[in-house]
Each structure stands twice: as C-alpha cells, then as structure tokens.
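Please find the structures below.
What follows is a pair of complexes built around chain A, which joins chain B in one and chain C in the other.
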Partner chain A sequence: MSIRNDIGQKWSSVKQRTVDKPWNPLTHLSHQGRSRGWNLLLNALLVLLLFVVIFPIFWMVSTALRPTDMIYNVPQTLLPQAFSVENFVNTFEGTNFPTYFTNSMILSVGVVGVTTSMSTLAGYGLTRIDIPHKKTFARIILFGYMFPQILLAIPMFIFWSRIGLINSHLGLILAVTATALPFGIWLMWKFFQNVPISLEESAQMAGASPFRAFYEIALPMAKPGVIAVAIFSYATAWGAYTIPRIIMPTSENWPLTVGIHMFTIQKQTLWGEVMAASVMMVIPAFIFVFALQKYLLEGFEVGGQM
Partner chain B sequence: MTIEVSSLRKEFSSPSGTITAVDGIDFSIDEGDFFTFVGPSGCGKTTTLRCIAGLETPTSGSIRFDGEDMTGKPAHKRNLAMMFQNIALYPHMKVKENISYPLKVRNVPKQERYENAEEAADIMQIRELLEKYPGELSGGQQQRAALARTIVHEPEAFLMDEPLSDLDAKLKVEIRKEIQRVHDRVEKPTIYVTHDQEEAMTMSDRIAVFNDGGIEQIGTPDELYQRPTNRFVANFIGNPSMNFFDGTVDRASGETVVVSVDGRDVELRVVDSTAVGVGDEVTVGVRPEDVRLDRNDGDLEGEITLIERIGKQMLATIEGPQGEVRVTLPADNAYEKGEVIRLSIETRATHLFDSGSNDVVTRGPDV
Partner chain C sequence: MSTINKHGSRARELRDEAFEFLSKKKVLAALTILPPMLLFTFVNLVPIVGVIGASFFSINAFSNEWQWIGVANFETLLSSDSFYDALSRSVVYAGGSVVIQVVFGTTLALLLNRSFKFVNIARTFAILPYLIPNAVIGFMALWMLNSQWGIVNQLAVQIGLIQGYVSFFGSQESAMLAAILTSSWKDSIFVTVMVLARLQAIPESFYEAAKMSGATAYQRFRDITLPNLKGVFFIVLLLRAVWMFNTFDYIWVLTQGGPRGATTTAPIYAYNVAFGTSRLGIAAAVSTVLFLVLLVAAVLYFRIFEPSEEVRAE
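Moving on, here comes the complex of A and B:
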C-alpha cells in the first residue's frame, strides 16, 4: 500500500512537470541558457541548405533571362536588370540544342518504356513463379546496381562496338536501361510481394486467364510501384552522362547532358546558352514528375484501403 | 454436373521436406448435391477444394467433371464459382465492380453487369454498399460481397471455403439460408467447407469428415450422427460431443455385451455381439442425451463439476474414475454443482469401438 502511494506520488509529480513544461529539445536547452545560440545555429543551417539547393536553380534561371551582353557584367546583380529571351533564341538557332533535346527524349522514352515493362514483368515473375536460387538472384541484382557507371561503360563500349550498337539510339537505350533495371526489378519484386496471390486466383475462378488476372488485378494494385519505376528510370535516362558520353562518340547523337557540357568546354563558354538550355532541360522533368505524382498518390490511397 | 474425385494425393515441397497435405481422397458428388467438407484445422479441406478448382495440380489421382478428366484444364476454364477463405475482394475496385467481375470477364455489357450485381447484392442485403470500396466494409460485409460475386454468374458448381467464418451468429443463420436458397434454385453441386460440424449438419445433403489429410467417413448428416464408422467421426459429429469409456469385454452373447468399465460391469444391447470377443479392449461411446443421472441408482459414479446452459437444455459435466462425462439435462433439473451422483447408460444406444483401431465394431439397436 505504502509503496503504491509512493509510486503514485512520484508519478503525479512527473505528470505535473510534464503538464507545466512539455519537453521539447529546443525549450529544454533554453533552460541551460543555450536557446538563442542553438536557434540561430539551426536557422543558419537551414538557410545554408536552402541556399545550396535553391541558389544554383535561381542563378540558372536568372542568367538565362539576361540579355547576352550583360551576362559578364562585374559586379553582377542578383536579378537581371533587363529581361530578354535572347539566350533562348540563340540556343535554338545557334546550337545543336534541338538535336540534343530530341536525342534525350528518344533516350528517355525508350528507357522508361523498357525499364518499366521489364521490371514489372520480372518482379511479377519472381513473386509468382517458383524459380530456384531466387535469393542469389536478388543479391546479384542489387550488387549490379552498385557498380560505378564508368566501370560498366568501358566494357559496354567494347561489346557495343562489336555488335554495331555504337552511335545508335537502340544501343544507348539498352545501355542506360541496364543501369536502371536492377533497382526497377527489385522495387517491383517488393511491390508484387504485397499483392496477395489469392486475388488473382479469385479472378481466375471468375474466368479470367492468368494474364488477364495479372493485368486487371495484380498490375493495378502494384501501380504505385510502376509509377515509381517510371519516374526513377526517367531520372536515370534524362540525367545519364557517363554512358552516352562514351558510347555515342558523334556529336549529333549526344543527349542534352553531354551536349550542354560541351557548351562549357568549347573555345569560350557560352554561359547564356548553357543556362537557357539547362532551364529548358529541367522543364520536361518537372512536367513528367508532376503528371505522374497524381497517379502515384492516387495509387497509395487505394493501396491503403486494404 | 457431377464431380468425382479418386485417389487424390497432393504433396507440397517445403524447405523442411515434403508435406503430404491430402492422400487417398475419394468421393463423388451428384448434380444438385450440397456436399460439405468438415474437419479440424489443417486436415486438407482447402487443399482438396483447390485441386477441384484447378488452383493446385494434384500429385496423383484424378478429378472428373461429368466423367471428363480435368487434369490439364486450367482454373479459368472450369466455370466454377469459388468463395475464398480469405474473401479476396479486389481492393482497387468498387463493390459493384467486384461483384460483377465474373460477368466482365464474360464480356457482358456494363449496364447489364451492374443490374446483375444489384440483384446479387439484394440477395446478400448489401445494396447500399455497391459504390464503396472493399476497404470501407466490415469483415461480415466483405464476406457478403464475396458471396454475391459467386452467385452473379451461372457456374457449373459452387466451391465455398468457410464463407461464414466472420459473421455473427444471427447473420450466419441468415446467410446460410441465402446460400441454401441459391443452391436449391440453381441445382448445381455445392462444395462447402467448414470446421463447424453444426453448420455442416444443418446445411448438407452429404458430409465428408476430414482428418489428417484423409476422409474418415462420408454420409448424410443422419448417417454420420447415428452410424459413425470410427471414433473420430463419433467424437467430431454432434454437440455436445459423445462420451467415451474404455473397458474390456467380459461376456458377449446373443444381443448382449457386458463391458467392464473401471471395474464395474455395464451391460449393453448390441445388434451383433459376435463382432466382439471376451477380453477385447473396447471403447464404449454414448451421447450426452443417452446418459441418465440419478441420486441413488446407476452403474457409474461421479461428481458434478459444472452445469451450463446450452440452448434449451443444460449440460452437466461429471468427473469420475471413468473420466469426464457430459450429460444433457432438462432446464428444470434439481442437480447442483458439487453433488456426487450416479450415472447409467442407455444400454440400447451405445457405440462400441475397437480400442486399437478406433473403428466401430457394433452398436446398439436404438442409436
């Protein structure tokens, strides 16, 4: 009885304390007289972080919108003193930008298409078919993903030149797909593990062929995974540099990444064009992700219901 | 359609070796039969059903529909309707789309599909749920939606794996009636799986009692109740379940067998006393309603340890040297917990089992 009371008292005193002053790392520290400094430090870190992330983007846009002859002004202003689309016009008319852009588009469409469909089929197969040594396979897949691209690119160059895939869109699509596929397969594998097989069996009992059961039941349930793989493989393809740099020697086959980089290492760096091209390169990525994120979230809602 | 299953065997391979889920399953189901698999958990009911459905390939044995061998015919071509033990509604489809899915597969136009779905939903009393997603339904509502999906098209047979397990008692009775009504209307064979013997007894034309990967007995509810062929069936069928006393045959002649149970002689009437010999180890089985209590008179003795109500009647549990005995009593009995009481067995209503094989050897004329 007395012990109980004792505990009761201790407990109530603890409670009182928490009611009076909810524990919070920041205010807690303030009692030790470090509040100001700590807050300042945190805020400074945040600003620094924002600066590191946002500023290059801001600078890119701001430079791209300046008249060409004001780009090299010293001292430079943060915001353009005059707006101009001159750089964009120059990029389109005076550089290979349209070609690079088209190449990047072809590459991305190809890689997204091949990676998404192959990852989906492979992930499904791995969960539904009894394949011996699945675990080993999984390890190899993830291991393959860990290779630095430059290590893959050089042997690829040798292979690709033997089979005549150097400088071809198909060759590049296959090569970049090879870098995106391991993670894609692994992701879809995990997604399909969460789709109960009995749902497809039930569809088969309803008269659906196994393929139809996959297409109408399993696939919609794994849709968030498919979208995630699409976004991921798009990012891989749109940003691919090392592999195209090596297996696409001819400049008219370069994607934007390589092309824009080449702007900077010609006789003189065309900063206006570089920035304008970069701005235009970011736009499709934004559109793609923005269009798909809607489905991604929608998929999560449905998935969350069961 | 008729369904014949013969010498069915199904093995699963697992990391720890081969598991034989079922072995030596034989039965046939006639057009319009309501056939039930009943048995304890893990005895192979679902496995057998899945073999019939085509979702599992039998290791050996054959399954025939109307005499035609089904080996190699995939599940989606067998035209069956199946209700899964875990319900299996499609979470990304509305209830009405779920229910009408078998029709969608059969290319029925949308309008007609949804009308049929509404009818099926009416039968299962879930019309107001048609526009919802399965995730928004309670367990019982999901079960009814899944049932509606099985009745929406015209299958050759219905396979139902514990369709009522998530329902409350009242709803169970209601849906049971719906299932039977649908069954009577379509006159197709229904295979119904349950581990609840009472459900099996009330719904079925015939029952197969499963145990440990095999079938112990097949028969009508009456046959199983009155003429169990072995101790497992005798124990499993009937609630409260049968009492068993181990004993030795003392005398056997004519219609009389005298069994010594725990040193006391119990005289029994049987249809065939030549089936037992003096000295045989036997188990006497007697249902709780065939044991009488008396304060003074009786072959056996014990103490009442529990009296509980079961429906209209009371059930007394009596502990004695012969083991635990369950006895049903009228509700207005005067017995009390703790009383020491004498028991007598209705001599014409017992089952005699061989203690070794547990098979029935003979039984009383009035079982």
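Moving on, here comes the complex of A and C:
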C-alpha cells in the first residue's frame, strides 16, 4: 500500500515537471522513429551481453569436441574442423574420472536428501507450533545463510579431524549441507506460511490424524517449495569446491570439482580432457534444472533471495 | 472370533494413543523442529563458535595438542603486514567484482524485462552460467585466457586491442583484474535473476498510469523502476560483497594466490596459514577476524532490511 501511495505522489510531481520540459534531442525526434531506433539499440546491447554469457559455454563445448591434437592449433577456429569424442574417451580411460563423478553423485544425493527433509520438517514445525523466540530463530538462520564456505571449512577441518569426519562421504555431506540448510529452512518456512492451516484443521476434524493432515494436505501444497529447495541444494552440492578441498586431504572420496585438478600434471594441463570433463559436469546440472525450471523461479520469488 | 475383535480393538487403542501422543504440541515440536535445529547447530554454529575459541590456542597440526596462549595469535596476526595486504586485496576483489556484477546483471535484467520475440529463449540462455560449478568456470577462464592458445588473446589481437599474446594470470598487473572478471561472470546472473524477479513484480498498471499522465520512458524508469529496485539492490550489494570478500574457490583454481601474492586475498591467506605452514591457531584467528567482518555486515542487514519480519513470529 505504501508503495502505491509513494508512486502516486511521485506521479503528481512528474506531471508538474513535464509541463514545461526543456528541449531534449530524444523527444525532438518523431515518436515512432525514436522508439524504433531505441529498441534496435537495446536489442544490440542484449545480443552483446548474451554473447558474453554464452560464448564461454560454447567455447568449452567446441574445445571438448575436437581431436586432441587440434586443440593447440593457432589460430584457433571457432568451430571444430573435425569432430571427435577422443577427449571424452580419454577422461574415462585410465583416469579417476568415473570415481570422482560417482563421488559427486553421492555427495549431491546426500545433501539434497538431508537438506530437503530437514528443511521441510523445520518449515512445517515453525509455522504450525508456537515456540518462543521465533524471531531470534529467523535471525540466526539468516545469519547462518551468510556464512562463507571458507569460514566453515577451516574450523570443520580443525575439529572434525579429531572425530573422524574428514575424508569421509558422511562428513562431506554434513559439511556441504551447512551451506544449503539455512536457506532451505528459510524457504520452507515462508512456503508453509502460505499453506492455509485451516485445511489441515478441517481434515483433522473429519477424523484425519495430524500426520495424515501433514502428509496428504500440507506437503502436496508445499511441493513447489520442496522442489525449489532440492534444486538449490543440488546446485550447491554439485558445485562445492572450497569445503571438499579443505576437509578432504586424501583423494579417494574427492568430488569431481576437486578431482578435475588431476588433469594438470606438473603445471601442464590436458585442456581437451579438462573441457570434456567440464562438459560432463555441466550437463547433469542443465538437465536437472531445465526439467524443474518453473519451480526454481517460484522459489526465487518466495525466497526473495538466494 | 472374539480374540480377533479383542486384538483389533487393542491395535486401535494403541494407534489412538500413538496419534494422541504425536499430536501433543511438545512432541510434534520435538519431532519437527528439533532435528533440523540440532543439525544446524552442529554444522553451522559449532564450527564458528569453536573457531573463535580455537583462536586463543596454539595448535599443533600433527599431534593435535592445544595450548592456551591468550591473544598471542591476534598479536602475531595484527602485526604482520601480509595480513593487512591480504585484507586490502579482498576489499579490491570484492569491490571490483560486486560493481561489475551489479552493473552487468542489472543491465541484463532490464533488457530481458522487455517483451520481444525470443524473450523466453533469451532468459533461459542467460541463466545457464548460474548452473556451472565455480571450479569449472575457473578452468574455462584459464583455457580462454591462456597465454599460448587462448581464444581471448587471439580475438583481442585480431581486433587490435593488444599487440601480442598476454599472460593474463601470469603477470602481477593483470592477474587481479582477470580474477575479478572471471568471478563476475556467473554471479552477475545472480543479480539478473533477483532484479528480474523484482521487475516482474511491479504491476503493469503503474506504467500505464504513468504513460497516460504523459511520462516519458526515462521518467517511468526513474520514478517507477528505480525506486522499486532499491531494496533488491541493497540485499544484492550486501550479500555479494560479503561472499566475494570471502571467496576462495575461483582464486584458488585460477592463481592459487599468485603470481607472487598478487591475488592472495584473506581466504587464500587463511588457507596458506592453515595448510601451507600448519599454524592452525593463527588460521583460527584469521577466521575470527573474517567472522567479525561478517558480523558487521549481518548487523547492517538486520538493522536496515529486517528480513526476519517476513516470517510470522508471533
């Protein structure tokens, strides 16, 4: 409401200002010609920005798809002169790529499972049950959301090495969950707020147990939120680098983000293999998110921040 | 017959008791709120509180012996020039990348907020970088900016921007700038998504009313669009500044803090202290200082924006 009033007030002042506006080269042009030229300019700018956004991805794919010995041709051609899956074959044969890829999968599944279930429980509980100091809770959770990975990783290394949680899948899943959980709880809290409690109450009056009311009424209505949390925590886990780099001194359980360093041997990098591995890291993320795109945008809107 | 009935009613009784038990507020609270809070405490709060405690100890990384030394770690830290250098590099890195992200991201969001033929395809393409792991982005940048085979070098020479191939990450002058640009590519999209979501939420009727009262496109932008973006700008600036200040992954992949320390920001410094020289106590002290910086940002965040108002907490 206040925004509306604010805009209204701004408007009356705008109208007054437009009464005797000074000469302006833009308004001097004919209206049609001006807006067409303007649009053309904006479209050109958009194409330029999209080029900056797309070109690195294009170049990664284009490099990965050429034969290994043509990668170092100078000058480079934008499209491969010959197509080859050699780089992809090389990453699979005789390297730890399959192991690291599996580790990344384990990490992601674990983080998505823990974060989604815990956030959903918390969101439901925090909106359905009266507990004291909810506001302090909200603040602490949002503060937790601001914690950078480096600030969590160093203490985790110091303490977790004493309780045997470093170098393990379980430890890594818990550690990476730390970067996804606060936002997940926050998002589900806001989502369950929009699920009317009256529906569950009437279901309970009709004889349904509270658990059934949760499972059959509240949960389906909060599904977009659950999916948004799943996507967010997946993206976090799949891209995690700082935490595994620090709390995993030995390589057997490394995710691919850290494992990709294996293609750099004594300062020489096998660029074809690196780009092929990169493409394979990017594809699952693209597929996952495209399938669930509309939930992601919904999550952004409700979460308000990410 | 009677035993079955008896059995059935006993089961029903048990079930009713269980539901009654589960429906008690305290039990429900214990089952729903407690597990996430315990996990949150264990993975988020304990490490932070612990590292503040650890900063008052001298820690032997190998035998894990802790010895109380009071504020000696902070004295060492605050009297070393390299720490201040790292902090100021973090400021440069965070400041530079946040400015680029906000300018690029907002411009892209405004351009994507218009209606044109391929708007959905354009929006879909624009979001792609957000899904790429930071480590992969680091390697993509190293390859594109490579001093022998890099496509950026080739294109820049072709259009006459530079005379010959440049080692962007290899020279002290350009490494920081190259790191800032690399780190801004993906996170600009964060800004784009946030700003675009806000732009979409502005009612079309505002613009129509303005148009009818004769406002020009520029006036509509200045008096409707910009005021509506103020809030989102504030969150984006604050959150991105805090995160960029503490970014480790990009820089570690790109330069590992080099060449000759030119990109050693505070997080890289903390890593080197912890794992290069195994001085875990001092690393804990660095973390504590970084945490205090974060705390200031958080207080600002809660004072000015009060996001916790968004949840009902009666």
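Simple rule for what comes next: the second predicted complex is superposed on the first by the 239 of 306 C-alpha atoms of A that agree within 3 Å, B and C clash if a C-alpha of one lies under 4 Å from a C-alpha of the other, contacts with A are read in each partner's own complex, and residues count from 1 in each chain.
Heads up, the rule we're going with is that a residue touches a chain if its C-beta (ideal position, glycine included) is under 8 Å from a C-beta of that chain, and two chains touch if they have at least 3 such contacts.
Computed from a predicted structure; not experimentally measured.
Participant: Applying the touch criterion given at the start, work out whether A:V61 contacts chain B, chain C, both or neither, answering first, second, both or neither.
Facilitator: A:V61 sits against neither chain B nor chain C.
Participant: In the overlay, answer first, second, both or neither for which of chain B and chain C A:M70 touches.
Facilitator: In the superposition, A:M70 touches no partner, neither chain B nor chain C.
Participant: Once chain A of both complexes is superposed, is A:I106 in touch with chain B (first), chain C (second), both, or neither?
Facilitator: neither
Participant: Which partner chains sit in contact with A:L292 here, chain B, chain C, both or neither? Use first/second/both/neither.
Facilitator: A:L292 contacts neither chain B nor chain C.
Participant: Please name the chain, chain B or chain C, that touches the greater number of residues in chain A.
Facilitator: Counted on chain A, the partner with more touching residues turns out to be C.
Participant: Regarding the shared-chain residue A:S209, is it in contact with chain B (first), chain C (second), both, or neither?
Facilitator: Touch status of A:S209: both partners.
Participant: When the two structures are overlaid on chain A, which partner does A:K134 contact: first (chain B), second (chain C), both, or neither?
Facilitator: second
Participant: Using the superposition on A, tell me which residues of chain A are in contact with chain B and, in the other complex, with chain C.
Facilitator: Correct list for chain A: 209-210, 304-306.
Participant: Can you list the chain C residues touching chain A in their complex?
Facilitator: Against chain A, chain C makes touches at 19, 22-23, 25, 28-29, 31-33, 35-37, 39-40, 42-48, 50-51, 54, 59, 64, 104, 107-108, 111-112, 114, 116, 122, 124-137, 139-144, 146, 148-149, 151, 154, 185, 189-190, 193-194, 197, 201, 206, 209-210, 213-219, 223-224, 227-228, 235, 239, 242-243, 245-249, 252-253, 267, 270-271, 274-275, 280, 283-284, 287, 290-291, 294, 297-298, 301-302, 307-308, 310-314.
Participant: State the interface residues of chain A toward chain B in the complex, per the touch definition above.
Facilitator: 196, 198-199, 201-210, 212-213, 217, 220-221, 302-306
Participant: Under the definition above, what is the set of chain A residues touching chain C in their complex?
Facilitator: Those in contact with chain C are residues 3, 6-7, 10-11, 14-15, 17-18, 26-27, 35, 38, 42-43, 45-46, 49-50, 52-54, 56-57, 59-60, 63, 71-72, 74-76, 114, 118-119, 121-122, 124-131, 134-135, 137-144, 146-159, 161-162, 174-175, 177-178, 181-182, 185-186, 189-190, 193, 209-211, 235, 238-242, 245-246, 257-258, 260, 269, 271, 274-275, 278, 281-282, 285-286, 289-290, 293, 297, 300-301, 304-306.
Participant: Along chain B, where are the residues that touch chain A in the complex?
Facilitator: 53-55, 74-76, 79-82, 84, 86, 88, 90-92, 101-102, 105-106, 133-136, 149, 153, 159
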